[in-house]
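Reading through the structure tokens given below for one structure.
Which chain is which? They are A, B, C, D and E, in the order written, and residues in each are numbered from 1.
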Amino acid sequence: MASPSLANPAPFDPDARMPAVEWMKRNLFKNAFQSVLTIIVSFAIMSLAWLLFRWGVLDAVFVTNDPQVCREAAGACWAVIGVKHRPMLFGLYPYEEHWRLVLMIVVYLATVVISLWPRFWNLRILVPLWIASVTAITVLMFGGVFGLRYVPSNDWGGLPLTIILFTGTVLIGMPVAVLLALGRRSPLPFARGISVIFIECLRGVPLITILFVAVNVFPLFLPQGMEVNKLLRITVGIAIFFACYQAEVIRGGLQAVPRGQYEAAASINLSYWQTTRRIILPQAMRIALPSITNHIVAAMKNTSFVIIIGLFDILTATSAVMQDPLWRRYYIEAYLFIAFIYLFFGYALSRYARQVEKWINIGRI
Amino acid sequence: AESGDTIKAIIARGELLCGVHPSRPGFAAPDDKGNWAGFEADYCRALAAVVFGDATKVRFVALSSQQRFPGIQSGEVDVLARNVSATMGRDVSLGLNFTPPIFYTGTGFLVHVDSGIEKLEDLDGATICMAPGSTTEQNIASLFSARGMSYTPIVIEDNKQLVANYVEGRCDALAKDKAALPGVRAIDTENPEEHKMLPGIFSKEPLAMAVRQGDDHWYDLVKWTVYATFVGEEMGVSQANVDEMLQSPDPDVQIMLGVTGDLGEKMGVSQDWAYQAIKQVGNYEDIYLRHFGPGTPIELDRDLNQQWVDGGILYGFPIK
Amino acid sequence: MAVAICALGLFLYNNVVDNLTRQNIATGFSFLGQVSNFEIGEKLIPYTPRSTYLNALMVGLVNTLVVSAAGIIIATVVGFMVGIARVSGNWMLERLALTYVEIVRNVPVILQAIFWIVVLRNLPPPKNAFVLGEFGFLTNRGLYFAAPASTPVHFWMWLALAFGIVACIIGTVAARRYREVTGRYVDMLLPGLALILGLPFLVWLVAGAPTEISYPVPKGFNYVGGVSISPEFTALLIGISMYASGFIAEIVRSGIQATPKGQVEAARAIALKPRFIMRYVILPQAMRVIVPPLTSQYVSLIKNSSIAVVVGYPDLVNIGNTMMNQTGQAVEAIAVMMIVYLGISLTASLVMNLFNRFVAIKER
Amino acid sequence: MTQSLETRMLDTHDTNDAVIKISSLCKWFGQFKVLTDVDLEVRKGERVVICGPSGSGKSTLIRCINRLEEHQSGHIWVNGLEMTDNIKNIEAIRRNIGMVFQSFNLFPHLTVLENLTLGPTLVRQMKKKDADALAMQFLEKVCIPEQAHKYPLQLSGGQQQRVAIARSLCMEPEIMLFDEPTSALDPEMIKEVLDTMIELADSGMTMIVVTHEMGFARTVANNVVLMADGQIVETGPPESFFGNPQHERTRTFLDQILKH
Amino acid sequence: MTQSLETRMLDTHDTNDAVIKISSLCKWFGQFKVLTDVDLEVRKGERVVICGPSGSGKSTLIRCINRLEEHQSGHIWVNGLEMTDNIKNIEAIRRNIGMVFQSFNLFPHLTVLENLTLGPTLVRQMKKKDADALAMQFLEKVCIPEQAHKYPLQLSGGQQQRVAIARSLCMEPEIMLFDEPTSALDPEMIKEVLDTMIELADSGMTMIVVTHEMGFARTVANNVVLMADGQIVETGPPESFFGNPQHERTRTFLDQILKH
């Protein structure tokens, strides 16, 4: 256990950068213990990297349509991704219409990237932007207008479905989470009681059982003949589960807002909702940001539970596609591909969150 | 449900909802273009052809093993064609009705040759890989306890994992529907010669379609669609020759194809229902060969799944 | 208001009854008493296919508890180590820890469990096992190792151990109270250890000190004797605990960084060594930031153990699924699972809340 | 003792133009009695400085005046309106009272300008443009118009406190309460803030100030009040308060404060 | 300018009994130069008060002395031992230097007694019993032995600061550094702490104190140092420093500090 770096002063850096040797001396070979550590760790990393390289590159098959070719190779069979990537990425969506999904992903990513930019944090930009892109995405996904073929939500799948579920979870879940968190701190015993029971009960059970209830038990409560879209039901189920976790995180943030802020707001006569919305929540969210991100990253992986209503998100689609007897030996490569996609999005998200933390710390936002 | 409700609902909806396995190549699985393919999927299509005269008016609903019975019970699907073994327990306690089986199979064991296992009794104390939720689990338990033997089950839902577990030596034996074992041996093992199937079938697994109890109309329709595929093969009416067969002088063929008689109308669908099913999907042989015949990844012997006249146990009731 | 709620309740109830009768679904929990007629691979309590479904569920519950408990311990240890490494000041270690965290928490836990089962399955088969002296064998069937031959004494030793741990906890709390009241400090380290280790040892001595060891020997398809750990258990355990450890590492890091800078400086100013600073100043204070989110992670980990079904470990959900498929009583089976998980989770939060009160800082 | 003080105040001032009138105010925190029978009157334009040892209830008293704390017995009138549970009354009273805290309590996520305009736009329903203009006017008054677009944490303590004062002024209150406004500041910054407050006093604002800055008290106060143990011990104009304290407690307190 | 001061100090004191010697110390925070060529000597038993405007580098300077900050050029010797990267040296030096912070920095999770005994037991490897006895002795010295079993947050600010002083003393250092030890305190508590410090000074402890309490400086300092913009501007015994400051900067600074 080396010394904590919390209080380490910023490195002395009066004129630009340190020479590489100096840097290594400071960071890698500070003393005997650290040097040994550095050497052992680098050796381990290097041998592992070599093994992976041999399997994944040297001995691997990259392109082929014939499983037999893969069978004869010693390394990875990346060809499986070439053969299967479309059903993996797009699920059961009609094959000829896959271009719409590509377009949808592009629109989505563009929207997200724009919204993550502090420069555009302005409701007058963001609201029209999201309305436009949600409309565009709805049109692309459903079709039925502009000569696009109609595709019902039961046929959606793959990455677009994962994205929609994830976004839906966050967009529905965050407001619910905020309400639950406020409810749990409410002075009204009724609101507090309901929130506590709701949060504790839903957090305590596996998500799959909640979804099972949403799918199988919920309809029992409806009069015969009435139906609620299954995808919507499941999204709400996942979102509420997510909200219960997030509510606790936000509650932590709320508790950390200094009492003085409430008093200052009271002294300029703001009402409860004005105080909450303008003063307390923005600060609470900032304080809780790292944990909020944690849960958002985790929520991304909850989408695979849609299989319970027979929809194939990217993970389930891959698992299903890889049942193909001709190619199923190479499921590891396919899973690695999917893992990489998750890793990419998850990592981007947490990197971004860290950047936001930094912006907050230097008072930029 | 009232008798006839289901058909009305299907027609009003414009499509048939058919519950299938999420991914069981050969029986039901999306192909690389996202179209459902497989033996059971084709039976769903045949039903659509009977109801609508259009085999494409079917929506496949993938049901996980937990979800399959609630799925049919709650009306999420109209019919279940999802690798369900018909048993009395399921019939009487789940509110289901089973059609005549469309595929007969039973539990078989695949073992490593060098393990020296020759017969069931040699498996005493072995580790056995099997899928959950199927009747296989129960069958093996009965099989072993009847002989006073013990075993360790490894229960894995995902088929490719299950197979890999056996192939990589985690288990001494793979217990699976016998029909599926040759495929595993041929495709998944490095050297097929190192694996063999134990002789014999160790349980009865009649795979049948299921509908909700209480709608006899709909049950009849599903049942007779199945028989039509049987009878079609028996009488030599296939997808390839069904149009010529319309001219057949054989009165039985004429009745089946709706050239004469009014059985279709009595059942509540169009007169040419069987014609449509065979024309658009095929008779039993057509369907079977399409998915399990020579040249498919899963080549299966027809074995029990032959017409009674050929020595199998498929026995379509007369369509008269 | 009350009338409206009652009316709504009645309306919903009617719908349910109506819908259930329409679907001809059998309801009730009587099936739990039926004979299960399936075998379970790993069981820590007696069970045969002749036992009831309730019995089968108990086996699953025990398995879930075992893997969760082990998972919590490993995730905590690894999480704390990685979290501390994240602020260790060693560049290499920090990067490595960061990479670990990012990979481990961004890849779905299911994929991680599959990864580990694949790795473990590729160990050699029993006939050319890695041999660890005569004491153990490492194979793709699991790890087999020697252990004291089972005698009834073991039961009493476990009991003594549990008793010792409880006594130690009570002692520590009492010592703390005593100190707060009288100011006198009682060091509970040695008495505690003596209680925890000494009691079982005493039982062992009293029982005549049985020393027989049972070695695993190849027989039939596997090894018999000794103790074994299956690859399914191990893969699930590594999968869920590594996944959780990534999140825990971040919690620990933020806890450490939330400790005011002044605390570290004050500790340095009295010339404390870095490891003492971590142990006596930073961690105890970080704990109060760490414990509440840690509780959430523990609860998540317990629930994540329900992915057991993908690697074939017979946990509660895996067995529940089988039961559901055999009886078809899905709603009831799910209800049972929900209640059991809720019970486990609430117990876990309760324990952690008590612990939280223990680490909380005394204010005026 | 408090009775006699009360009488004295009634003698010297006309009761009718009292903007704040407190009579036999008591307050408990749980079992602990923080304020005991406090009586106080503040007339329009008057500047009252409250001092006293730590824990004597100074903050609690002025926090009762705008209902940041609830009192349990006694009465408080502001502009003739009694402070009760009635939410309408509380709002009407708070609208007339500005408060400046020891720890500034600026909203860290809003810019200085946003801090200032929040109240006017949300509570007084002013237009954004007017609110901005008003805010700039008060920022100029406290001499930091150039900081309008910074965030509070980017300012020095003295600047932050002046923003806090400006924020209260933007509500255009009749009365300002200050709770140790300079005690969290560095010596050099204290001066900036005191200067601002003196200017405010000169413009005729009614002010109640809790502070230990005796120089300030001497310069601007009409009345100095000493509190101890939840009671008002002595009250009087600065000359007599500092020059000729009546009570022993006042003398020991002034001794300690003025020594170093 | 600093050169001349250095020379003057060398003239008046014998270099050999300097326990702290700082020569041409420079320190940067990133691009920002906080300390420029600081030279300072402190002899055994000497009491130096450092004052100066906020941000002038006072804290940074004394934090360099026990290596809470790393300096980038120049030298610091403590008892003849030079402060380098060598961890052994740093620990040896820190053991000789006690430090008291503005915000006390007591360990909130430990009782007062545990706060005091942590260093002695872990660093000086004393027996628990001896450490307890030592701690009680210093608690008596700062007049709060009865608080030994409370937790820090249960004490008043003045009491907390006295515990912090006692904690440093428990390491039996030769030199004590104080960084604005009273500026987070209420006026009445300031006195308690200053009294403790004066007592400590009387017992002959070598002390460097950053403070704005000019009364204290007058009473106990041998030398007063004014810092501005990272440099030492003026240094001298209190009589001449306050009575007859040499530099314009000193005069304006003293003006502001002493005015109110």
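In this section, contacts are C-beta pairs under 8 Å (C-beta built on N, C-alpha and C of every residue); 3 or more make two chains touch, one makes a residue touch a chain.
Chain identities (UniProt): A = Amino acid ABC transporter permease; C = ABC transporter permease subunit; D, E = Amino acid ABC transporter ATP-binding protein.
Everything numeric here is computed off the predicted structure, so don't read it as measured data.
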Taking the mean of all protein C-alpha atoms as the centre, the chain whose own C-alpha mean lies closest is A
If CA atoms of chain D are superposed on chain E, the rotation in degrees (nearest 5) amounts to 180
Winner on contact count, chain pair A-C
The distance between the C-alpha centres of chain D and chain E, rounded to whole Å, is 36
Rounded to the nearest Å, the gap between Cα centres of chain B and chain C is 42
Whole-angstrom distance, CA centroid of chain B to CA centroid of chain E, is 87
By the touch definition above, chain B meets two or more other chains at residues 66-67, 70, 74, 158, 164
Residues in chain E with touches to at least two other chains are numbered 68
Contacts with two or more other chains occur in chain A at residues 7, 212, 216, 219-220
Within the complex, chain B is touched by chain C residues 22-26, 37-41, 48-50, 114, 117-118, 121-122, 125, 140-141, 220-222, 231-232, 309-312, 314, 318, 321-322, 324-328, 330-331
The residues of chain A that touch chain B in their complex are 83-84, 86-87, 90-95, 154-155, 157, 212, 215-216, 219-220, 307-312, 316, 319-326, 328-329, 331
The answer for chain B against chain C in the complex is residues 1, 65-67, 69-70, 73-75, 89-90, 93-95, 115, 124-127, 129, 132-134, 137-138, 140-142, 144-145, 151-158, 161, 164-165, 168-170, 172, 212-214
In the complex, chain E touches chain D at residues 53-54, 156, 183, 186-191, 194, 212-213, 215-216, 256-257, 259-260
Chain C contacts chain A in the complex at 12, 15-16, 18-20, 22, 84, 87-94, 96, 102-103, 105-111, 114-115, 118, 247, 250-251, 254, 256-257, 259, 261, 264-265, 268, 274-275, 277-278, 282, 292-293, 296, 299-300, 303, 306, 317, 330-331, 334, 337-338, 341-342, 344-346, 349
